[in-house]
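Letters are used for the chains, namely A, B, C and D, taken in the order the chains are written, and counting of residues starts over at 1 for each.
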Amino acid sequence: MEITLVLGVPLIGGLLLALTGHKRYAAELNALMSLATFVAAALLTGRVIADGPMTALHEQLFIDPFNVFLVALTALVAFTTALFSRPYMRIEQHHGRLNAARLRLYHSMYQLFTFMMLLCLLSNNVGVLWVAMEGATLTTVLLVSLYRTPASIEAAWKYFILCSVGIAQALFGTILLYFAAERVLGPGGTALLWTHLYAVRHQLEPTVVSLAFVFLLLGFGTKVGLVPLHNWLPDAHAEGPTPISAVLSGLLLNVALYAVVRSKVLVDGALGRNFSGDLMMGFGLLSLVVAAFFLSRQKDIKRMFAYSSIEHMGIVTFAFGMGGPVAAFAGLLHMTVHSLTKSAIFFTVGHASQKTGTQNMADIRGLIEQSPTIGWGLVLGSLAILGMPPFGVFTSEFMVLTTAMHEHPWATPFLLVALGVAFAAIFGKVQPMVFGETTARRLPHPPALVPVFLHLALVLLLGLYIPPYLVEWYRQAAAFIG
Amino acid sequence: MTGLLPSPLGGSLAVAVCWLLIAALALLPARNSLFARRIAFPLGALAGLALAALGLRAVWLPPESLVLPLGLPNLPFHLRIDPLAGFFLTLLGAVSAGISTYAAGYFRDEGARRVALIALQYHVFVASMAFVMLADDAYLFMVAWETMALSSYFLVITDHKLPSTRSAGFLYLLIAHLGAIAILLCFGVMSGGRGDYTFDALRAAHLSPQWATVAFLLAFFGFGAKAGMIPLHAWLPEAHPAAPSPVSAMMSGVMIKTAIYGMVRVIYDLIGGVRWEWGMLVLAVGAGTMLFGVLYALMQHDLKRLLAYHSVENIGIILLGLGMSLVFIGSGHPVAGALALIAALYHTLNHAVFKGLLFLGSGSILHATGLRNLNDMGGLIRKLPKTALYFLVGALAISALPPLNGFVSEWLTFQAALQAPILENGVVRSLVPLFAATLALAGALTAMCFVKVYGIAFLGKPREAQHAPAGATGHDARGMELYGMAWLAAGCCMLGLFPSAVLLMLNRVSASLTGQGLSAEALKSSWLWLVPTATQQASYAPIIFLAVIVAVTLLAYLLVRRFYHGRVRFADPWDCGFAEQSPRMQDTADAFGQPIRHVFGPLYLMDRRLPGPEDPAPRFSLKIEDRHWYWLYLPVARLAEFVSAKIALLQQGRVSIYLLYSFLTLLALLVFVR
Amino acid sequence: MNLSAGIAFQVLQSVFVVLAAPLLMGWVNQCRAWLQNRTAPSVLLPYWTLAKLFHKDAVIARDASPLFRLTPYVLFGCMWLAAGIVPVLATGLPFAPAADIIALVGVFALARVFSALAAMDIGTSFGGLGARREMLIGFLAEPAMLMTLFTAAFISGSTQLTTIVDTLAHRAFAIYPSLAFAGAAFLMVLLAENARIPIDNPTTHLELTMVHEAMILEYSARHLALIEWAVAIKLFAYMTIGIALFMPWGIAAAGDWSALPLAIAALLAKLALAGAALALLETLLAKLRLFLAPEFLSAAFLLAVLGMLTHFLVQA
Amino acid sequence: MSLANQIVNLLAALLLLIAFAMLSQRRILTLIKLLAWQGGALAASTAIVAYSTGQPHLYFSAGLTVALKVGLIPWVLHRLIDRLNVRWDIETLINIPATMLIGIGLVIFAFALATPISQMASVFTRSTLGIALASVLLSFLMMIVRRKAVPQVIGFLAMENGLFFAATSATYGMPLVVELGVALDVLVGTFIFGIFFFHIREQFDSLDIRHMEKLKQD
């Protein structure tokens, strides 16, 4: 029941917003739908806390410890982003960058995007997961090009081409997986159901499955933003509207990574050796290091944080690649805190660039003077994302680092160099934006600050105390991620 | 009776939480800053006093520990208090009591929002330091450690409109973070793969000598970055002066001591199995740090920067003590090792007190005159007599002059060095006294430097026509500011005059850490005498010393008055009869350092501007730069820049190339999977 | 040894040193005059000078701070204290354990800091110049002095002067190469610290090269008298330290009244000899340029360190 | 080997041939025709597999393929290039013979990769998996070397065809819901690509993707 609600609300919301056209209250409606989704997700979460994992709709949908918190997180961030996008889009409209038709597109696509991501997470069917993932690309590609500037068109084109091609590889991987599963489960519906696949994972044909994993990793990895498949990511983040950058970084990357991890579980079962783990560690480390070095060369603020997302996805991928209860736990936690922190950062970044009329970091100065809350949000968010305690990002990085140190000591220098370089790069750029003499001006609408500080408070909380049921989910999920 | 008193651990925790509460409260009534302005800091100071008392008690009680239901699922926050932590908590509490009191007066006239923010950050800062000392697992330690760095960073950039402040803050946080990464790595090495990060587990782990050395190096690097040892000191002379003076006092006085705490905790307590080679490294770095610090301090004309360089120097002295202790313990002479450790810890305490005092004094000067540049000062003793008095106490103490406290710890360090003959290894045996020689050199240079500071700032006449900058109050420190300085000045005297009490306390710390304290003879001597080993070998009685010196001075005075007279006439200065005297003809700070520049010329990177002969308003300017920038920091930055420039070639904007990356990756993986 | 006898010895020695110090100064001046073929002033001249100064009215610059007026007394007190620590006439004085050689160096440093501060107080160009030069000399002389003392301390295993002298005085005669180095270093430090040629010229005025005199230019009358007296005591103390370290024979133990006459006689003889030697040195040497002073003193420092190392190498 | 089997193999070979033809083709109109032909071959092979295995939903799938890939999408593309007036110019980044050589290498690689898998496959799939993989890789190559937007999209669609072929011939077709979803995605994707062509034209006055190299790292 709750599951259908979780999926139904955004779907209906998307259609509704598309059909009604842009009304004055569209932004509120958007937020309301997201709130409803969030409430549904909260109900679902409560149900899972009470009853444990479940399946629905002829096993087509399922919820287990791995996806339950992602569903909740997705719904939460989608809701807070909707809250943020309300004033943000108003201001954009006020500045004449968007018109009513575009806003209509924006709002309906926003809901559909939420739907697609939730479908990805909830789908038990690996094929449907793929479909939803492609759907998420399709819904966001129009959002990235929302401003119709040459740069945004270019970014959207690259996003579209690279992700479509990437996702096509994932489809081939899915087909190969099905090919392998069919031989065990027989043709028909069940051979693509994850729960069934999981049950028979040890009997799957290793060669096929490893081949499938290569395609899946490459396909979904493109959406995760793994280096060298990441090239769409900074462009899309920088040129799209900021709420979209927030959900791309905060949610889409997570969902894509979720798909990778789901595949990894099956492959590990079939292969028995750490083939997938090695690949993921390699990609994770490469992404981490390369992104860290990219950071210092950025001029555009959103682009910089986009690279930071690549870096963090690298960390998570590396963590899952290492495997083991602690590392997987850390990976899950890092997914959570990264999406909360990064979306909070994008909220502040959005307002900051509206205030200064530019995304060029050299022209953003002294935010803390004109708008202390945005300035503090940005600096605290940046520090949090850089792994400063007591924020939660540190917690997961602590676990990743310590695990890496005794399981893969060779990797630690890379991790450390990357973290150090990233720190110098990001903080060196954020500090002058936040402090110093100001260039900011007043905004025509009050900025949305609740989402920023709500997220940061959650991240802070996770740095000091993780609720027991969350721990339990993480543990269970970590146990089968292995 | 003891049951009625709070347990040291619970009490300390309560104090730390109290600080956090003050911080939180400071934020709430932002508009009406009565709380932040009038109540927060005095309350914080009271809490500090309580903490000092609790810490003192903890030194004499067996260790206590506690687990809080916070933190990681596998690793909740562990707290523990033992004599070492007790000692450092005492240091934190006592010094912060003085500084907070001072801050209560200092920040009275700041803007409401600013003072609220400072009160918030300041108290988070103090509380995090308390947690650093209470932490008993790696995670809580790191959280507290980085919170400390973060809150102090925000305090440093309080005046963020100045570009120099911003770059100082950035450099500070960057080096702090790199250090923290090294510390984290050190914990990782120590846990040796078992994944248990409570200090108990780390203590129990037996590392092979190689891994122990790796852990030691990481800890030394990580904590050294925070302590400001060379070559990681670059942030310190930038960041400490940039902060408001009470914060500088807190950072120089207490914060860099947490690094010493960390070093002692990790090396002695957690790693264990000390080796003398480590000690030699610490000695060498310590001596280098010390000399570097003082030589650069002599070149400074910014008062707070100068004090910051002296912090570098004093960290070197502390490291010298620690190094000797490691050498002795590592060579199987725990008693001598205990003496050196005690000397190091004593100096840690002393430096906290007198450097806190000196920074507060510089704050009062800044408040009254708006000046930081010594070259513009002069004759302040007439304008700020009270500040001048307290500053003199601090200056004499840091110059290691008897009978104040700086002397006692340097004396103990020398005594430790004089134990060198018991070492078996001939090279080490002759090197240890050599390091003592560098200490003697540094001590004398410090005295020179503080003659310069005091002589130029407080004595003589104002050097430049006074154009009091905006915000200068023009009057001497008063009220809370004075009490704060008086408290620390009293500390300088007490620690100098009653060293045997401190010695007993530190003996307990050392005994709990290394299992070995001082010799029995040293401990049973009376409270008047400070005896490190045996009365025959060395002793020092500051009270008697002071009594005699005061008595003879008084006697001389009385005799002169009795037999002759006290007639005085006042006149213009004579100055060998030179008639054309102007205050600008006095030595400036730069001039005072000139002989040292001459002697140690190659050490400095100088940029000197001499006025031309036709110059109507001649000005001499001098800029001394740190060579470390050029051989260490900039090359590293350039390397990172180079690598990132190369990596940036990956992204040239062409979608075909991007597709090609994907394609090649795919092919490579497919080859790999076969 | 009973305490009262010890205290009596202590008082006796302190008074003796204070009273005898100007005499030593006079003796050095007399020797120097002889050596330079001048008519020598009376050996008692320093006493008359002091008396004259004490009688005069003090003239003080208008904006002198209390520090300026306090300093002469502090200097005098410090030197007197030093005189009480050094075993001049006897070892084992009751006050001796209150301060060892390191504290002794500390006392000298305290005096130096105060005199430098006082020099800067008036705000004249010469005062600052003198203070700066004095501290320059001090920063090298002080460690050299300490290292010299450390060499002795290593030999005797103690930093108590009493113990050191006891050990050195009552050992079987042996040549310590380390002590030879230390002795040379000590002599150099002594010259520098007491403002003697080749570092400074105690008789000079109105010269840009002056060091110590530049610091006390603003003093007059009783203040100047106290400073001059303190300078004399300082020279005396240094000489007695030298004697204690390198020629300790004949010293009495505290409370041993019978050995006292011999001790005084030996001391006077040794001082006379040392004073004459000092005068001779001052006559033979030329004053160094100021910037050669650091070289001179670093040589002293290195000699002292070398002495210490020699001790370890020879012992090992 | 049954007749059905042989026909499927033949169609597979046809598919590969068309893929090569597309790689070497310079004209957009011909490319679209080839795409339609490829769709046709795909539909035919799906139908044959459906017939010989008796799986009804494969018929549906074949129908869908005909409707979309032979009918709708080529038609849409046709309309687009008519509207955009970009029939002629197709330039490649690497010259065509070199591309072909690389393509041959890719085919060999794909076959080598698929052989171990083919051994365990069911009757129909012996060679088809390798061919499907080869045509996916060839389409990928085509996307890389084309520098106009439309051929790039055609390459993408050809890749989807290869994937569909793999799905139907290697596995007897994916579950219906998945097939429908994939088809929907392809359709929507094509429309969005179409919209994009207009946007690109509007902003850059050309469909040459070399104009879109502004966003890069300097």
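Brief remarks follow.
In the analysis below, a contact is a pair of C-beta atoms (placed from the backbone, for glycine too) under 8 Å apart; a residue touches a chain by one contact, two chains touch by 3 or more.
Computed from a predicted model, the values in this text were never measured in an experiment.
Here the chain-to-chain distance from chain C to chain D, counted in touching steps, is 2.
Central chain (C-alpha centroid nearest the global protein C-alpha centroid): B.
Counting C-beta pairs in contact, the chain pair with the largest number is B-C.
The centroid of the Cα atoms in chain B and the matching centroid in chain D are 70 Å apart. Separating the CA-averaged centres of chain A and chain C is a span of 78 Å. The mean-CA centres of chain A and chain B are about 44 angstrom from one another, to the nearest whole unit. With centres set at the average Cα position, the gap from chain B to chain C is 35 Å. Residues of chain A in contact with two or more other chains: 157-158, 161, 165, 211, 234, 294, 297. Annotation for chain C: no residues touch 2 or more other chains.
Multi-chain contact residues, meaning those touching two or more other chains, occur in chain B at positions 648, 650-651, 655, 659, 662, 666, 670.
Chain pairs recorded as touching, per the definition above, are A-B, A-D, B-C, B-D. The residues of chain A lying in touch with chain D in their complex are 60, 125, 127-128, 130-132, 134-135, 138, 141-142, 145, 148-151, 153-158, 160-161, 164-165, 168, 171-172, 175-176, 178-179, 182-183, 187-189, 191-192, 205, 207-208, 211, 234-235, 238-239, 294, 297. Against chain A, in their complex, chain D makes its touches with residues 55, 113, 116-117, 120-121, 125, 129, 132-133, 136, 140, 143, 149, 152, 156, 159-160, 163, 166-167, 170-172, 174-175, 177-178, 181-182, 184-185, 188-189, 192-193, 195-196, 199-200, 202-204, 209, 212-215, 217-218. The touching residues of chain D, when paired with chain B in their complex, are 93, 109, 112-113, 137, 140-141, 143-147, 152, 209-210, 212-218. Of all the residues in chain B, the ones that touch chain C in their complex are 378-379, 381-382, 392, 396, 399-402, 407, 411, 414-415, 418, 420-421, 426, 429-430, 433-434, 436-437, 440-441, 443-445, 447-448, 450-452, 454-456, 459-461, 529, 535-541, 544-545, 548-550, 552-553, 556-557, 560, 563-565, 567-576, 578, 581, 583, 585-587, 591-592, 594-596, 598-599.
Residues of chain B touching chain D in their complex: 648-656, 659-660, 662-663, 666-667, 670, 674.
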